[in-house]
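Each chain gets a letter, A, B, C, D and E, in the order it is written, and its residues are counted from 1.
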Amino acid sequence: MRIGIADTMFAQVDMAKVALETIGEIHQTERYTVPGFKDLPVACKILIEKHNCDIVIAFGWVGNTNLDEMCAHEANTGLISVEIETSIHILKVFVHSQESEDPDTLRKITEDRARKHTLNAISLLKGKTELTPLAGQGQRQGGEHRGAL
Amino acid sequence: MRIGIADTMFAQVDMAKVALETIGEIHQTERYTVPGFKDLPVACKILIEKHNCDIVIAFGWVGNTNLDEMCAHEANTGLISVEIETSIHILKVFVHSQESEDPDTLRKITEDRARKHTLNAISLLKGKTELTPLAGQGQRQGGEHRGAL
Amino acid sequence: MRIGIADTMFAQVDMAKVALETIGEIHQTERYTVPGFKDLPVACKILIEKHNCDIVIAFGWVGNTNLDEMCAHEANTGLISVEIETSIHILKVFVHSQESEDPDTLRKITEDRARKHTLNAISLLKGKTELTPLAGQGQRQGGEHRGAL
Amino acid sequence: MRIGIADTMFAQVDMAKVALETIGEIHQTERYTVPGFKDLPVACKILIEKHNCDIVIAFGWVGNTNLDEMCAHEANTGLISVEIETSIHILKVFVHSQESEDPDTLRKITEDRARKHTLNAISLLKGKTELTPLAGQGQRQGGEHRGAL
Amino acid sequence: MRIGIADTMFAQVDMAKVALETIGEIHQTERYTVPGFKDLPVACKILIEKHNCDIVIAFGWVGNTNLDEMCAHEANTGLISVEIETSIHILKVFVHSQESEDPDTLRKITEDRARKHTLNAISLLKGKTELTPLAGQGQRQGGEHRGAL
C-alpha cells in the first residue's frame, strides 16, 4: 500500500517527518510539499491520481487571524471534495497556532496529532471496521482522550 | 435492503450501537468507523459505492468550540454532496456537545436522536410518502416534538 | 407538466398542503416528505431524476438558533447544486421561525410565501420571460411587495 | 455573439433595462427573469446551455438583513460553479441595499454598476487581454475608480 | 512550460507585472485580465483548458469591508474547485487592503507576495519535492519568514 503525504512550507513544524518515522518500512510513501495549506487539495488529488496513493495525510498549519481560519475552512472543504471525488481517505491534520501560545506546547500538540493520525491512516488501510473497537470512545489527536460519557 | 452506518472514534457515545439495536433483523447493515466527523463523507461514499448501501446513517459528535462548529459545517456540506452525487439519503445525525452541559442529559439526547433517525431511515426505505402523514408536524429528534403551529 | 413538492416533518406548518391547493388540477404533482430540511437536496434530486419533475418546490422550516441558520445555509447550497446539475428550477421556500415570535403571524407569513412561490413555479414553467413584466418591481413572498425605487 | 441577462422580481431597480440600452444593437440578447437572486444560478446555466449565450450578466438585489447576505453568498457560490462548469463568464452584478439608505443614491449606484459591468461583458467577449490596459488600476463599478496605489 | 497569469482591474497594484518580470524568459506566459476577483475562477479554468497552462497564478485584491472578505472566500473556493477539476495548481495570491493602512507598506507587501509566489510557481513546475527542503520552515509571502518552532 502507498501513503501520500502532503505538507507545506508555511507550517512551523515538520509534521511529514513525524509521519515518515511512524510509517517506517510498513508502507511506501509519496511526499508533496506546497507553499500553503490552500494548495493541499490539488496536491492530494495529484498524489491519488498520478502517484496511486491508497490514502493521503494532509498536514496544514493555520495562523491566528480570522482570515487564516477562513482559509483553513476553504482548504478543508476542498480536501473533502477530493475525498468524495476519488473515494480515497485524506486525513486532514490541521494545527491551529491559536491552540497554544507556548511554542513548546504547540510543538507537542503538533507531533502528537501527526503521529496519531498517521497511525489512524495505517488502520484505515486495513479495513472499514479496524477502528470500530474505539467507536464512541472520545479519542483525540493532539490531546488526551476524553473517553465515553 | 442494506443500511450503512458510519461513525467516529471522536464521539463520546456509541450511537451506532443504538442504531444496530433499533434495526435488529429488519435490514442488513454495514458499519464504517473513522477517526472524526470530517472523515464521514468519504466513508459514506464508500458505503454506498462499494458496499451497496440503500441508505446511510452518519453519526457525528461536535465539540464545543467555534472551530468544531466550522468542521461540522464542512462535514455536513460534504455529506450533502455525496447524497446529491449518489441519489442516496444520508441521515446526518450530529450531536453538538454544547446542547447540554450535563453528561446524562447529553447522552439521553444522543440516544433519542440516534434511535429516532434510525426509524426515519427505515421509513425512507419504504418510499417517498411514508413520512407524509407527519409533514408539518414539528417532529424533533433528540427532544420533544413541537407540533404544528 | 409535473411539479415536485419536497417537504419536512420538522416544519410546523403544512406548506405542501397550500401548494397542492394552489396547483389544483393545473399540473400533476409528486410529493416527497423527509425528516428535516438538510434532507431536501437529495429528495429534490430524486424527484427530478426518478419522478421526472419539471420543477420542484422545496419547503424548509428553520429553527431559531445559529446552528439552525448554518444548517439552512447547507441545505440551500445543496439545493442550488442540484439545480445546476439538473438544469431544473427548485424554488427554495424557507421560513425562519425568527421571522416572527407570534405563531399566527408566522403561520400567515408561511402560507403567503408558500402560495406565492407556488404561483412563481407555475409561471416559470411557462417560459423564461413570463415573470419579466415584474422584473425590478420589489416583489416579496411572505410579506408586502416593496415596489420599485 | 449573444449576451444572456438574468434578473429578478425581487430587485427594486430594473437593471436589465440599463443593460439592454447599453448593449443596443451590438449583440443579440436573451433575458431570463426569476423570483429572487438564489434562482439566478440555474437560470444562467439554462441561458448558457439551452440559449447558447457566450457570456451572461446576472443582476441580483440583496436585502439588508444578515440572512439576505447569506443568501447572496449562496447565490454567488452557485454562479461561480456554473462559470466553472461551462467555462463561460457570468458577471455577478449584485447591489446590496445597505450600500445606501438614500433611495436616489442607491438607484444611481445600481445604474452605474449595471452599465459598467455591461461594458465589461462586451469587453470580455473581445478576448482575454482586452481589459489588461486597466489591470491594477483600481477600477470600480457603482462608485468612483480608486486608481493605482 | 506555460504559466497562466490571471489578474483584475479592481486591484490597486499591477501584480501581473511583477510576475512577468520574475518569470522573464524562463517560461511562456498567458495573461487574462478580468473585472474583479470573483471573475478569476473561470478565467483560470479557461487559461488551463483553452490556453494549455501548466500552472496559473491568480492575483486578487480584497477591499476592506466584510462583504469584500466574503467575496474573497467565494473566489478562493472557486479557485480550489478549478484546481481539483483540472489537477493543475493555481497559486491564489490575494492581498487584503486591510493588511496595512499605509499605501507604501501595502504596495511592498503586495510586490513581495507576488514575487515570492511567482518563484513558488516556478518551483512547483519542477516537481512535487522541489519545495520539500523548506517544509515546516514557516515560510511567508508578503512578510518575513517565521522559521520553524
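Keep in mind that, in the parts below, contacts are C-beta pairs under 8 Å (C-beta built on N, C-alpha and C of every residue); 3 or more make two chains touch, one makes a residue touch a chain.
The model shown is predicted, which means the values in this text are computed figures rather than measured ones.
The minimal number of chain-to-chain contact steps leading from subunit A to subunit E is 1. Distance between chain centres (mean CA atoms), subunit B to subunit D: 40 Å. Centre to centre, using the average C-alpha position, subunit C and subunit D are separated by 25 Å. Shared interface positions of subunit C, i.e. residues touching 2 or more other chains, are given as 73, 77, 81.
Chain-to-chain contact here is organised cyclically: the chains close a single ring, every chain touching exactly two others. In this entry the chains close into one ring whose order, counted from subunit D toward subunit E, is D, E, A, B, C.
Subunit D contributes residues 69, 73, 76-77, 80-81, 83-84, 87-92, 96, 117, 120, 124, 128-132, 134-141, 146-149 to its touches with subunit E in the complex.
Partner subunit B is touched in their complex by these residues of subunit C: 7-17, 30-35, 38-39, 41-43, 45-47, 49-51, 67, 70-71, 73-75, 77-78, 81-82, 85, 103, 106-107.
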